[in-house]
């Protein structure tokens, strides 16, 4: 079972992102479970959401405390104490940023993990380019597909087109594709190195 | 528009009916075939004004709807004296749920009828003043605000009679109840606006709001029937004296209600879409003392010494109503242009104005 | 306890089941419908059931008008005459006077009387002929009334009168401007046509000679079983007044009678009338109509003490008749009278003051009252007299068995209506006497007081109708002082009746019962359902006419 | 048809396919997504029903009462304070025998106010005369609503479908959404036992005195006992129509040969099963008994399922202060006739406190070793309560407990435990 924890701010579509990931997995005939961190947070407040993906029914309803992957939609959250808590060794992390981990002050943290599994992707700027709005969710999922292979890009695109329609769907799809390509290149570079 | 009064010298415009009127001009209560929605054998006190008011109102609605009517009743005297197991006095489809939810239950019935396409069946909610102005106020206001297709009738006897005459939001100033000061310098209920539900109902801008009493049957019937001309939320506030709680003689039930209006203490009017469109002028104005003296709940105003200042304050309330609603006593003739027509139609003689 | 199978137990009930609960057991008092005596009926000398005929009249169609008229005829055969000459004690007594103004009973009666004449409604004799014969002496209101009632009772009646025309004082005492003769004739004719034998110009000289021995008769010339004597009082009283040779002095009765002759009496331009009764008013008003520019009534006392009915005085004043109160006539000369002024002493009697003045007058008409001509009974054994009138018992029988008397010749107020009442009363008692049993006068109900009414239910007379009513009541023509009411106005008046003490079917009790314990019957009447009546008394309190009485439950 | 859906929306689908005629609700977290979805369906014309926005939960249940009495299939949903606010009408609906179906998105009751999940709300209404069904998964929540209408209308008794707030209502999961025709075939149109009809009038809601009140209550008890058979039958019928197990009375999981059986209700069972599987792998003879129908309480089924156990752990998602475990009491009564094993009550997951597999394992191991107290609280911050207890011993007037604890905790009540 793959368990993912999303971090972002209220209004950034963190919950939607988790649901989209679940939908992508579902479209591949797998079992998935997505749910928010149940709170009364308002716009701007730090929020979490969770997603589990498995080949058999998922029975547990506990929150994800030891994620196999972290998706950080807002780098300004990185300095929160337990943001990165519980990430399993060999786990994945994708951060929405135009800066490298060094600039983000995570050099020490990332050093304990496999480098090709921890990446940054400029999801917001990609979203601005393709969607016209700084909503990084779709791009992050595209990047996540490329990073982990947990779900295929097509599945992500399917989820997006099921959830959205028209220009929003197209914009998100484009952002996802772009992020997918970006991350693929980054990984390639890292694995080759 | 103010209703057409049947002008009749001998019978008078206020009697239930008479043999000389064509059937369509007679009051519902004068008809042998009236539906008696509330039939005999009920356990109301002798001279119960509420039993009277309920039959008046519902029989009228029954006639207006050709019997297609469902009534929802709040807990209270009316409910208790009409349906103690194993007997019911109702002869209509009737439902009692709780004290404070009659308007909402009525809304539910109306919604069900709408869902089933049976809008030919109309819904009436009813309750006493406690169930209406106090515990039921929230549901009533919601029903008004959604403009649900319900006529709600409040039978106002100005206190919680069912539980032994405790004060309600409709209890008038200085009236003594089991929960107001019994003695002292200002016995009875305190002065103030009280809770004027007809005005509160008007503030919701619902299609129709009216007040009436059991003393003027034709007016009450006109208003209950008029209410059925509208769809949406309607409110009818009927003053029903309670011999037990008011300390009046059972025989005086109608008389006391009449004096309430003739003194100006209970203004009888009707409003459409939040605006007053008509008020029943006082026929022969009387000082409030004539009304108060008949009721033991006001006895402290007259014994051991007459509290003239307090009585003056009550008179002031009546005077305010009179000026506010234009109830100035006047001969009915002025407000009776159609006298000749009704006389002619009532007797078959030629129109007086011809000769 | 009923247990419902189909529906949820106890929570859901079958409609109307409470009728099994007989709440009548709660009752300590029960309502009882009653018929009280309305004050109008109570005050009517002719005993008319006024409330009842108004009840018919107010229905406002020809059939009901006839029903109303026949209700009057049950007690009084002269509705049209009554509608003109009755002094309306009924309206004086009317409870409605305390609410706004009395019901115009008299106007309605007149409308009905005139309607009857217009429609030619007749009275038939229902009773089987008794074979008995009754002699009525005098064709005045009393005699005609008696004849009418006796005829309806199945007796054969003969009226004998010395006069040339029937009607007595109605013809010879009441001016035609108050009572047109066609009206008078019509109502008398209707009685005659019922089979009454009318013998005019026939003075009765030997009463007993015409009676059977069974009736104390002597000769049995005509074989009458009983006699009713009502010759009236038409001899003008005279007093001694010093007078010059050429002074012109007449008496009122002769003047009024003279109005029926071919050439009316000559009274001159200035006429003085001496007296304060209705006859004095009639004389003064007649004088005006005969062309007198001045008609002065001279009376010893004040207006308050005048025996004349107020309405007559008012009408006289309206017509320009002048009054001289507290005055006596000391002497009469040609063209002028000497008047002595009077003053009332403590006991209210007029006393001379010694002050004199003169009053110009071409003639003086004496209206000082009338005396009855008692000769017809003078030598009948057993009959007694006092104060120039015949003494009779409560049954109007004189001291001579079988001989009855009534009208102005017996002690009573001298009005047409009282006379008519006597006729009815005499007829009832004569009938009883002939049949040899006691009179069957129905028991009188308690009078319905104003306080027993709930007047809130009676609306006020609309302003739109009053003027027409007033106009109709006002003096308008020479021919007839009071005009007739239009049908609708008469109907309006009829409907102002409050039906005091008698149910008129307003449905108030039926509708005001909180326990549905008043049953409306097919005939429009009501019945209390004692199974459910809790005895609250609302029906009695809200009955407009006080026709319901609360009575203690029987122990 | 399989779909990945949020629990609330799935329930809305099920309710809509059950063709309710009147829907009335007042918004309260975490019930909102359900009625929002239904409202949207009505507005869009996909669902032909009357949707009423009322002014309170009390009015919501009252409208449902009127609608049901007038012969309409009526539905509402609420949670927590809302359920308590409509409480009087909740009792009235069952007393009048009106087959209303209500979703309760289980949430704690204040004070202190708390929007997160536990079972305090449903438990407070366990004596209301309503049938109470608890959903373990969103699939079951969906299925139970379809069954609920059938059960309610068959018995003329209202049914409460209880699903954990947030944990289920807000969780997106894969579900098999039935076809409308399947639901139509399974659930016939509402045929009321009694109905307000001017053509055939009756008086509903009489005042009943001592002479018949006991009988009325006896009959409602009898009706609840009938419900046990009916619920089982409806579950069977549902299986044959829809090809899957949902609802029923109880859910035994690996209880055969189990010495230790965990008893619980609702979504926590999933996490418990994961823990149990691991403990089985580690050689522990342990099983789970899920109680799907809490009212009427399936005493017989519970007794049978627990017959072989030597030790029981009852997980309580609510507490009856001063008494303890509510479910425990019913289980104990159910077993009274038979042999009574050792029973431990574990109060867990109050007010949204997460129940993790890790903590369950620790607790169950302790239970297996006989080290578990008869009554304990999972994840209890002992230091915190000891500190407050000490404070209270020191000064009588020490202010509201909740605030004091939070002050000590130095955090807001948000986030996960």
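Order as written gives the chain letters A, B, C and D; numbering starts at 1 within each chain.
By definition in this document, a residue touches a chain if its C-beta (ideal position, glycine included) is under 8 Å from a C-beta of that chain, and two chains touch if they have at least 3 such contacts.
Owing to the predicted nature of the structure, the values given are computational and were not obtained by experimental measurement.
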Practice problem: Tell me, please, which chain's centre (mean of its C-alpha atoms) is farthest from the centre of subunit B? | Solution: A
Quiz item: When A-D is set beside C-D, which has more C-beta pairs in contact?
Solution: A-D
Practice problem: Can you check how far apart subunit A and subunit B are, centre to centre, with Cα atoms defining each centre and the answer in Å? | Solution: 68
Self-check item: Distance from the mean Cα position of subunit D to that of subunit A, given in whole angstrom
Solution: 34
Quiz item: Could you state the distance in Å from the CA-based centre of subunit C to that of subunit D?
Solution: 92
Quiz item: Hey, how far is the Cα centre of subunit B from the one of subunit D, in Å?
Solution: 46
Quiz item: Which subunit C residues reach two or more other chains?
Solution: 1, 10, 13-15
Quiz item: Among the residues of subunit B, which are close enough to touch at least two other chains?
Solution: 83, 85-86, 88, 90-92, 94
Quiz item: How would one label the connectivity among the chains shown: line, ring, star, complete, or other?
Solution: other
Quiz item: Between which chains does touch occur?
Solution: A-D, B-C, B-D, C-D
Quiz item: Across the complex, what residues on subunit B touch subunit D?
Solution: 67-70, 72-73, 79-80, 83-86, 88, 90-98, 100-101, 104-116, 121, 138-139, 141-142, 145-146
Quiz prompt | Residues of subunit C that touch subunit B when the two form their complex | solution = 1-2, 10, 13-23, 26, 58-61, 456-465, 468, 486-489, 491-492, 494-499, 504-508, 510-512, 514-517, 520, 524, 529, 531-532, 534-538, 540-542, 544, 550
Practice problem: Enumerate the contact residues on subunit B facing subunit C in the complex. | Solution: 5, 7-20, 26-27, 29-30, 32, 36, 38-44, 46-49, 51-52, 55-56, 82-83, 85-92, 94, 217, 243, 249-255, 258, 283-284, 331-334, 336, 339-340, 343, 347-353, 355
Quiz prompt | Partner subunit A, residues of subunit D touching it in the complex | solution = 2-4, 6, 29-30, 115-117, 137, 164-168, 170-174, 267-271, 273-274, 352, 354-357, 414-416
Exercise. Please name which positions on subunit C make contact with subunit D in the complex.
Key: 1, 6-15
